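Read through the structure below, which is laid out as structure tokens, and then see the notes.
Chain lettering (A, B, C, D, E and F) follows the sequence in which the chains are written, and residue indices restart at 1 in each chain.
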Amino acid sequence: MFLHTSRLQFEAKPERPDAHYARKLQELIGGAWGEMTVTMQYLFQGWNCRIEGKYKDLIMDVATEEIGHVEMLSTMVARLLEGAPAQTTAAMVDKDPVLAAIIGGMDPQQAIVSGGGPTLSDSNGVPWNGRYIVASGNLMADFRANVAAEAQGRLQTARLYHMSDDPGVRAMLKFNLARDTAHQNMWLAAIEELQEDGLEGPVTPSALFDEEYQEHASTIWHNSDGTAGPEGRWASGPAPDGMREFSYKMDPEPLGDKASAPKPDPLLYATSPENLGLIEKAIKKLT
Amino acid sequence: MFLHTSRLQFEAKPERPDAHYARKLQELIGGAWGEMTVTMQYLFQGWNCRIEGKYKDLIMDVATEEIGHVEMLSTMVARLLEGAPAQTTAAMVDKDPVLAAIIGGMDPQQAIVSGGGPTLSDSNGVPWNGRYIVASGNLMADFRANVAAEAQGRLQTARLYHMSDDPGVRAMLKFNLARDTAHQNMWLAAIEELQEDGLEGPVTPSALFDEEYQEHASTIWHNSDGTAGPEGRWASGPAPDGMREFSYKMDPEPLGDKASAPKPDPLLYATSPENLGLIEKAIKKLT
Amino acid sequence: MFLHTSRLQFEAKPERPDAHYARKLQELIGGAWGEMTVTMQYLFQGWNCRIEGKYKDLIMDVATEEIGHVEMLSTMVARLLEGAPAQTTAAMVDKDPVLAAIIGGMDPQQAIVSGGGPTLSDSNGVPWNGRYIVASGNLMADFRANVAAEAQGRLQTARLYHMSDDPGVRAMLKFNLARDTAHQNMWLAAIEELQEDGLEGPVTPSALFDEEYQEHASTIWHNSDGTAGPEGRWASGPAPDGMREFSYKMDPEPLGDKASAPKPDPLLYATSPENLGLIEKAIKKLT
Amino acid sequence: MFLHTSRLQFEAKPERPDAHYARKLQELIGGAWGEMTVTMQYLFQGWNCRIEGKYKDLIMDVATEEIGHVEMLSTMVARLLEGAPAQTTAAMVDKDPVLAAIIGGMDPQQAIVSGGGPTLSDSNGVPWNGRYIVASGNLMADFRANVAAEAQGRLQTARLYHMSDDPGVRAMLKFNLARDTAHQNMWLAAIEELQEDGLEGPVTPSALFDEEYQEHASTIWHNSDGTAGPEGRWASGPAPDGMREFSYKMDPEPLGDKASAPKPDPLLYATSPENLGLIEKAIKKLT
Amino acid sequence: MFLHTSRLQFEAKPERPDAHYARKLQELIGGAWGEMTVTMQYLFQGWNCRIEGKYKDLIMDVATEEIGHVEMLSTMVARLLEGAPAQTTAAMVDKDPVLAAIIGGMDPQQAIVSGGGPTLSDSNGVPWNGRYIVASGNLMADFRANVAAEAQGRLQTARLYHMSDDPGVRAMLKFNLARDTAHQNMWLAAIEELQEDGLEGPVTPSALFDEEYQEHASTIWHNSDGTAGPEGRWASGPAPDGMREFSYKMDPEPLGDKASAPKPDPLLYATSPENLGLIEKAIKKLT
Amino acid sequence: MFLHTSRLQFEAKPERPDAHYARKLQELIGGAWGEMTVTMQYLFQGWNCRIEGKYKDLIMDVATEEIGHVEMLSTMVARLLEGAPAQTTAAMVDKDPVLAAIIGGMDPQQAIVSGGGPTLSDSNGVPWNGRYIVASGNLMADFRANVAAEAQGRLQTARLYHMSDDPGVRAMLKFNLARDTAHQNMWLAAIEELQEDGLEGPVTPSALFDEEYQEHASTIWHNSDGTAGPEGRWASGPAPDGMREFSYKMDPEPLGDKASAPKPDPLLYATSPENLGLIEKAIKKLT
């Protein structure tokens, strides 16, 4: 169960409105790598966690914090939209290029649908959806996804940081950047801990290593013609999992037969050799 | 530019058809963490790569390999669907529970739309879409996402491995498992190399560390009531980036003011104190 | 900012697992009218609310409660999936029709993707998305949507109630039904209060009544041939807003001219009379 | 079966083109609360209606009218796009800021895809989809959704009304506003009639009142810290359904146990206590 | 403007319910190639048509007919669902494999959301969306799409025809098959007429033939290794447009330089050679 | 299996960047009728092809070529974005209308998400998805769809051709236009060949002509009031399939009974005559 306090986790006060920027910030709310994604990803991971204790408790701590980040950003967007042009005429737009540009660059749904507030969409207006999240039950797979989400999140925040010089906007982003730093380190530490605890290995899942074809488990196939690929440490020497030696397959050959689809069911009307003369018969029969 | 050989990278021959399983395999073709995702993710990362040489060449090698994985799975699905029931009547379904169950568990679109072949959708029939991929230009952020994708991919393949005992299906999955092992190790090695080369640090992007609020860059907030969170190595001691000491904030207080939205624009008709008496006026005016 | 307690708002303990039902319950988690919708709808309405006080405080109370409903349902789904068949072979399916039917009726992603947990999707596996919610800033419009959401929500819960006789499942649904009853009454009361407070009228927005064409503001057009439409109280007598008299237009005539699109821009290559002789010219020129 | 007349229900003639506004109007065509939504919602409600007579006939009357609204708006958009810039060069854009702004604010697909006509998308270009509609068979639930749809629809129309001063555009919107007024009143009247006819009560569905936990059917839970929530008429006194007394639960306690997920199936590879020592074993086995 | 008669264009009466089949029929309602697609595609083409007369009038005739096809199918689905199991328990499912199979094969939303009626989705429950349609203004491009839509539509109807032996279902499908035959012929005839009228040529648009690189306008590139491609009439001889001779390029060479992305903007934090030593600096600065 | 060469199929070098145009080009990458669609459509058609030889080999040749078109366009977009404004402030935007317009017209995700590269979305930022493609197994149905795709593709390319006068951009588009010409002719030739080979007829599928109701297989229904429809060659004379004579049904009458839905299941709570007095009972029981 959840409780809410009306105060924000951190301040979200722009010095002045900026309708252009209000659209861009939508990426951090409802983008594939925005705060909504980490909120729901962590909540579902916590509820799906099969090992009680420190991992689950950590996940729920951070999940709950993230709801508050959606709140901060949503509040910021509403404030950035204060006074955005709502009464515009074609004549005015033609005369005032700055006004025209501002209107052109705004998210029209922030005005028409939300009445000056945020939507649950990204900066192109595409709605957030539940396929952006993953909660697999395997903590190593999930923490890998979490590091990726926090990395892309901080990267996008850093890009947005330079797109505004409003001190109030920047103050909030400085907080967000710091939280993304903390969370990246945190999930990286959790990945180390999973291994130290002997619960998961670097390769996920830590299973089926006997069953898989081991001769294909450590070679990189050279399917493009760039020549520098084999210069990296993924081309030879021990793999990070400590179980294998890398190698580079320079002239890969297909190992399978020709791709082909089986004989079709006649009731599904795929084109096939059995159809030969089909049309003549159809015409003769009907005419 | 691309070239194609009609032979498969690895064999994809089931011993016998299995319409149920053909539906499940769709998850590896068009699911959020399926082969289509890694194919397009790596292609776009390669095309968006801003540093020539070993990283870019590696990405294009693997990207090109992955198109062939979509091909293997698509061929397998068509073969698993051979002879799947296409002429069914309600009467038959009522009498033959096995037939009824098989039909019920099939993906109807594999028959009705594709005529016995795969679709570009997941195991629930939801179409694959371009928001599943990321190609940010920042290789550390992208490689984190790649490890996550290969980890979820191998996890899903492992789960599917147990859902069939067809030797032909399992042979293909043993190859796929091995490739996912190789690719996880490979991206992990590439992450190490990025750091050894001095190009990126563990926290992405390796920038704005001065600007962000450092007092918030290494604390974990205790927003849930589980007590074990502080037992992990993310609660104290050095963070993985080597720049910070972790701490756990046990009784977090909101740092911002009350969340509130600004005064609305009257032309957007938000409910506000200014509306008081609105209805009386409207009725009086009109009647 | 939000806080979380690990205890559920209400118990979510099935007496025995039921993989079929776990799929159906997804409708209440990630369906268009499920708990995720009311959670995010109320949160965004609260953050977008332009009038401080009782309305906003109520919205935030209920929004915060609803996150806990997603939590209850997610926990229930994981428990219903305990022991669901994960190791199946075509041979077994062919022999055991009950097993075949259970597998056929399961959501494959709950196993393959979530490892035995819920997804953020509906009962057909379609992901929840942000366009399901609305937060317009106008409380009357929003509360109308809220009553509708709670009504559809309780209706769906009632239908699902009969689809299980597990006492544990039913106990949770009895709680959910009750909350949906409370919330329907609550939003209906809030609609009355908005009018009593003189903030909004029954027709939204309470504005532009002078500008709109009043002769069209209270007639129902008879565009279909059913004859009973005019028997209802929407056909004559005073309208609910107290401002108008209803009437029924039995033989509606179009009031506009012929629909037509303007002359096309030649650079956009629409087919138009100007194209006449186009092909002759093209062929002559080229050959 | 349907018939069509080429004349519009109401005139849709702008005095001059306005490419910016043509994009905004897309919200009323293909937005979640646009004319396409009410068209398809009412059609499916009519076809799904289980009670012959006045309700069904009314629904079909209005459904059929609404197709004509999509037609009016589509015609308007094509006319607003007449002469929109189609031949632009970067050089021109750099020199003429008004032209640049107009192009920036246009919907690119209206030109590139539709050749100067509307798309079936909203003002951000997101396609309309079938999950926007509901047709539950329960008329009270559906009419609640219909009032909400007409309210949001009129609200959005009112906002758009101020964004143009073209007399032709405004004339059409004055008609649309009036129809939305008529339809809001109409559905409100139909809701009253459903109750007067003894078919449905205010709470949907009018059933399971005995089964649901009555002690939770009329309390509002105080899960946020705003203090004004209990000041409303939803906090005490009779509920609108006439069956209950409201109350406000000021210090809500969770009624359930700790949320937890069951023991995982080993074949699904969730992280669990049973995994302890897993990696050591895996490495030992393989090396 | 549209009018509606309550009678169906053709009868839609199954002899007995069939809940499995009701799910499959959804493909013809809300699938990418179903009746909803042709309805909206033709309506938008008619409204976007830039040449008055026979083409536009034809489009509107057929568009209006198609709304009635959605109506027939929706009615059929509701009737097929009569008596579908709504009160199921896990115990019953375990004992009665036929019941279990039927429930497993049903579309859960047809019961839970629509109360025994159709949804606006395909046979996998994915909602219909507006990107399925095209209305380009160019009649040749659009009629090509229309032939394709009617061909896929008749193909899917033919497949579904064999999946039921209910005489009432088959009677309706016999009508639908016939309409799809008529419409395929009709659009093919309209394509001929467009050319005979000198309005459009076989290649769309009939323009820019001088500008395009003519040496690339009639060669097929041999990018795969199948050897039979050059045996077809697309490999040599006159092309259908009567302007060109086909040829087959057997050993295609890339004509462009190496693919590469430009130097990145440092504020976007792409990985680049300029980043060298980045991490050392970051760590030194901070610690 | 696939191989890749780092060189582009054709050059993709703009003379100067153009951030506006980079957004528009997204339509050709990730739009419903863009290169991604033909790539995946042809690949899946090839893998699903049930007849070995010239048709399948052709499909795979062209499919493989198309991947290279996505590559060319993606490279072009990255180059057009070079130097696009990444450091903007509200103050600058207010002062420099050209800068404001450029920013307003950009795709924000190309900067924020991709760091100056393409996304897998259309020109409105909507992600590409797998429902855009079709691979039915029936080659006539598929080739019809392929002609349509190439026609819409060339039409969109032609429109975009006029929106830039950059010689480098135009050079690439001249190549693309030519390929679309070649591919339209090619699929048209393949359609002729399918008929000449006696594999498929003009109407798809070439089957069930006896079963369908022949009296409805060649009439056009006059459901709209335009009078010119019967002037075309689809109104009389032989149909293109050579099997039928067209006719025009001027006063179409519905052939079916009244549309109606069956008696509802009481457990699904549809509103029905059986509900009469429901509310009275509910209130009495409870109070």
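By definition in this document, contacts are C-beta pairs under 8 Å (C-beta built on N, C-alpha and C of every residue); 3 or more make two chains touch, one makes a residue touch a chain.
The structure displayed is predicted, hence computed values, not measured ones.
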What's the overlap between the neighbours of subunit B and those of subunit D? A, C, E, F
Between subunit D and subunit F, which partner chains are common? A, B, C, E
Could you tell me which pair, C-D or A-D, is linked by more C-beta pairs in contact? C-D
More than half overlap in residue numbers between the two sides of the subunit B-subunit E interface, or less? Answer same or different. different
How many angstrom lie between the CA centroids of subunit E and subunit F, rounded to a whole number? 8
How many Å are there between the centre of subunit B and the centre of subunit F, using C-alpha atoms for each centre? 25
Could you grab the centroid distance between subunit C and subunit F? Build each centroid from C-alpha atoms only and quote it in angstrom. 28
Identify all positions of subunit D at which a residue touches two or more other chains, and write them in rising order. 1-9, 32-33, 47-48, 52, 55, 60, 63-65, 68, 71, 75, 78, 86-87, 97-98, 100-101, 104-105, 111, 113, 115-117, 121, 124-127, 129, 131, 134, 136-138, 140, 155, 158-159, 162, 204-205, 207, 209, 214, 223-224, 226, 241, 244, 252, 254, 259-264, 267-270
Per the contact definition, I'd like the list of subunit C residues that touch subunit F in the complex. 155, 158-159, 162, 267-269
With touch defined as at the start, can you tell me which subunit E residues reach subunit B in the complex? 16, 18, 20-21, 23-24, 27, 31-33, 97-98, 100-106, 122-126, 155-156, 159-160, 162-166, 223-226, 252, 254, 259-264, 268-273, 275-280, 282-283, 285-287
Can you tell me which positions in subunit A touch subunit C when the two form their complex? 1-9, 30, 36, 40, 43-44, 47-48, 60, 63-65, 67-68, 70-71, 74-75, 78, 113-121, 127-131, 133-138
Using the touch definition up top, name the residues of subunit E that touch subunit C in the complex. 1-6, 47-52, 55, 86-91, 93-95, 97-98, 100-101, 103-105, 107-109, 111-113, 115, 121, 124-127, 136-140, 194-195, 197-201, 204-207, 209-210, 214, 241-244
Name, in rising order, each residue of subunit F that touches subunit E in their complex. 5-13, 32-33, 52-58, 60-65, 68, 71-72, 75, 78-79, 81-84, 86-87, 111, 115-117, 126, 129, 131-132, 134, 136, 138, 140-141, 144-145, 147-148, 151-152, 154-155, 158, 161, 170, 174-175, 177-179, 181-182, 184-186, 188-190, 192-193, 196, 202-205, 207-209, 211-224, 226-234, 239-241, 244, 246, 252, 254-265, 267-270
